[in-house]
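Order as written gives the chain letters A, B and C; numbering starts at 1 within each chain.
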Amino acid sequence: MARNISFKQAINEALDLEMRRDPTVIILGEDIVGGAGSPGETDAWGGVLGVTKGLNAKHGGRLLDTPLSESAYIGAAIGAAACGMRPVAELMFLDFMGVCFDQILNQAAKFKYMFGGKAKTPVVIRAMVGAGFRAAAQHSQMLTPIFTHVPGLKVVCPSNAYDAKGLLIQSIRDDDPVIFCEHKNLYGLETDVPAESYAIPFGEANVIREGKDVTIVGYGLTVHRALEAAEKLAKSRVEAEVIDLRTLSPIDLDTVIESAEKTGRLVVVDEANPRCSIAADVVAAVSQNAFEALKAAPQMVTAPHTPVPFSPVLEDLYIPSADSIAAAVSRITKTALAA
Amino acid sequence: MLDERIKPIVMPKWGLSMSEGKVTNWLKPVGTRVALGDEILEVETDKIAGVVEAGDAGTLRRVIGEPAVIYPVKALLGVIAADDVSDAEIDAYVSGYVTPAADDDNDPETGPRYDFVETPAGSIRYARRGDGAEVVVLVHGFGGDLDNWLFNIDTLAGKATVYALDLPGHGQSTKTLSEPSLVGLANALTGFMDAVGVDSAHLVGHSMGGAVALQTAIGAAERVKSLTLISSAGLGSEINGAYIDGFVAAASRRNLKPVVEQLFGDPNLVSRQLLDDLLKYKRLDGVGEVLSSLARALFADGRQATVLVKDLAGMRQPALVIWGANDRIIPSSHAAASGNARVEVIEGAGHMVQMEQAGRVNELILAHVAGQTKGSERV
Amino acid sequence: MPSNPFPLAKSQLLQAYRTMRTIREFEERVHVEFAKGDIPGFVHLYAGEEACATGIMMHLTDIDRIASTHRGHGHCIAKGVDVHGMMAEIYGKEAGSCRGKGGSMHIADLSKGMMGANGILGAGAPLICGAGLAAKFRGDGGVGLTFFGDGASNQGTVLESMNLAAIWNLPVIFVVENNGYAESTSVDYATAVDSYVDRASGFGLPGVTVDGTDFFAVYEAAGEMIRRAREGGGPSLLECKMIRFFGHFEGDAQTYKAKGENEHNRATRDCLKMFAQRVTEGGVVAAAELAVIDREVASMIDDAVSTAKGAPLPIAGDLLTDVYVSY
């Protein structure tokens, strides 16, 4: 019997299960409970989109609403982690990294290395990413490349509820700082998720569709666009293999290379802007390691080099679509697509 | 149009999640006379490949399912009918056939696919099918679950009441196993039988499940009417330790695939979905500890710690031993050590013989179970 | 036996002197060695500021946490970080506190509650809020102290942290080491308020200003704040007005200072000399006892330098280690 729950319920479950298992897990963030100091009800929000709703009733005292001071509370989460706790701090939108990036870049990411191995910073920073919500330029970015670039950080971006739960549980148990990216447009997506606790290891890409003609790699929302593209392509008898990276640091290039060696054709889809993107990173690695196996130039299907526009018609053009992915495949397989 | 003389061959539903399958190959041409149980076509799902057997006797009159094409469950793939049925009637049947909508998990015909029951060992998931007088309990092996009996449970349920359970630490049952030993598992089995109100049953055990069934017959003989031991542990000291260790250790599909392929005579039967489902199971909290502790207790250093051949020889209960000749996990030579048991070694099959040669295995089990209703004396 | 008017026992007075002398000797020696060109990178010396670190750290144990600045040697020594390890770290040797991977600005020893010298000014304040939070959850009465200068006091991180500590009643103390200069820029220019106590009250924290060259003034004020924090009384701010004898970094020509400023300070505001004078004046401590400590410390620092110089460098493979706990 399938137990279908949404991506956001899966995250709530992961937090609940880990808080039950480990008393050093605490959650900090703006309005993660909601109503602090206000006359109305507490747990008024449970997070801006309700992801943490209900946790306060079960784990009161371990969820801390914070003032609008990302530097201070993200830094406090990092400091508490260095002092033996396992804090999960919410940076409401990853776009807000600008006001607290030093604590992440120069502190959390570097303690272990700078202190000669004699430190451990098991902090998780959860943040919403991605476009499609009409939230405009400062609330819609896919800044995964910036964090992936930093040695000492781990970056996770699940595409579905089952992965979200297992990867968040793994993130909390992991002893390194993890940036856990939640695509706001996937929050409502339901999948079969076990009620029990389970952890999905990092650095394990998931081959979600097998095919012999082309390898399409994506993460987060683009995985779903890739699957739509694969359906379209199947009508033209082009069978696509679709790979969900799941974690960007560490990244599972072995699975991508194995697939590219089988199909000879690679398309990487990325919602980030093109310069220094994850797509560029994957294409470079595959080109370097499996050049002889490639029958055509690898393709990158990404957002354009622009901020995220507001007007829906423009935002829909910004996000890589199934059609643009299928078109890229069509180019390198030299197949005309069936209508 | 309901015509009892026209029997459809439809895409079967193997397992809870199957919604469609691909026709790979017809094994009989149009015009062949088929008997009940004849293998007529090969079908592949994303989980596994298998064979569809004729559900009725008659002549294969239409071959409709095309190779390499995917059809939904219950789609019409072919027609068996008596020779006296006219082509026109069959054409009318075929054109009038509507594929029933995909059943949900609470199909009134079959009831909920599985259930849970509280036992002293914890919560146990199980499936129950059929309502025959005889009770059969199917016990899976190390790292398996009740879906290991995918191709057996419905056929056996035609003639008996069949239970298939997930042992503790497996499937969707409790993930703790307080006593990781054959005795502990045997106690869990009898505890389950108590909870579902089964006094005694024909135990069918696969691999480690066979050893569990044997242990149950030793420790609670009155609960066991007969034994069917399939590729069973407990009948010799050899076991493929690399398989056990590899299965426990593998955390990625890449590492798990070559391990799991050893289970089958034909490695192509291992699909991506099968591996994914195994990985999802292995990731659950508690599973790693249970599997490690069982491996340590039962199969340390590539040897079976407990050999129960002498006990089997002295048993009152009739025993049937089935093996695949190409078993790479537990050698088929162990089948011969079974004393007075009836032994069947099936060519061309590996460790998962109950899946690879389901038709033959089902036949053997049913005959064995039926053979016992006449009395409790060994035949 | 003359009576002891000080709030510390004689053994503690000797300990305080030893700590301050160790810091002074360490920094003076690094100044000399750096000038020879043997020490890579940058060093920022704490000489002249010893009374602040020492007066505060004497109230702390290993369960208390501190976060320091780029000018961290004094805090490290006062918190009990191994001096030999520190010297080796400054020389970039494998035997260093951070195995040569951090250098002067990132010396840390979490086992001693020293959460690191920090190259990012003001970065310690949020981290110490975290340490205070952890102490609250553990319920062990531990406190956290974040040291920052007059310059860093204007970083957003510090201001945000003061508010956060106040609303959550964290057991933390914000220590402003006001030595008058942020690199070359005067505090008179860069900070609008005349006293950091005004800032403290503006953020809802109690605040006190002391003469940071007066060990006893620092000891008393810090003791009060630390005791209050341990008992759940929340955060406070301690401004220590002090002097740094050297430049911002070694190599700084210090032309922003007045002519003769350093010489004048060494002559009239040397916290070590003033401490020695006070404790020997009343006869509680004999000058000879202090001289013994001077010799012992000089010898220890000498040994630390020669050991560090002779110690092996990290190997090439060390480049890639300890980025993650596991990857």
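The rule is short, and it goes like this: a contact is a pair of C-beta atoms (placed from the backbone, for glycine too) under 8 Å apart; a residue touches a chain by one contact, two chains touch by 3 or more.
Remember, predicted model here, so these are calculated numbers, not experimental data.
> Can you name the chains that touch subunit A as well as subunit C?
Chains in contact with subunit A as well as subunit C: not a single one.
> Can you figure out the chain closest to the middle, judged by Cα centres?
A
> Determine the centre-to-centre distance between subunit A and subunit B, using the mean Cα coordinates as centres, and give it in whole Å.
From the centre of subunit A to the centre of subunit B is 39 Å.
> As a quick test, compute the distance in whole Å between the mean CA positions of subunit B and subunit C.
Their C-alpha centroids are separated by 71 Å.
> Counting only residues that touch at least two other chains, what does the list for subunit C look like?
Answer for subunit C, listing residues that touch two or more other chains: there are none.
> Quick check: in the complex, which residue numbers of subunit C touch subunit A?
Per the stated touch rule, the residues are 65, 67, 96-102, 106, 108-111, 115-116, 118-120, 123, 125-131, 133-135, 137-138, 144, 156-157, 160-161, 163-164, 167-168, 321-327.
> Provide the residue numbers of subunit A that touch subunit C in the complex, in ascending order.
24, 26, 64, 66-67, 69, 71-85, 87, 99, 102-103, 106-107, 110-120, 151-152, 154, 174-176, 203, 250
> Using the touch rule from the top, collect the residues of subunit A that touch subunit B in their complex.
1-2, 162, 166, 194, 196-201, 204, 207, 210, 254-255, 258
> Within their complex, state which residues of subunit B touch subunit A.
16-17, 105, 112-114, 172, 175, 251-254, 272, 280, 283-285
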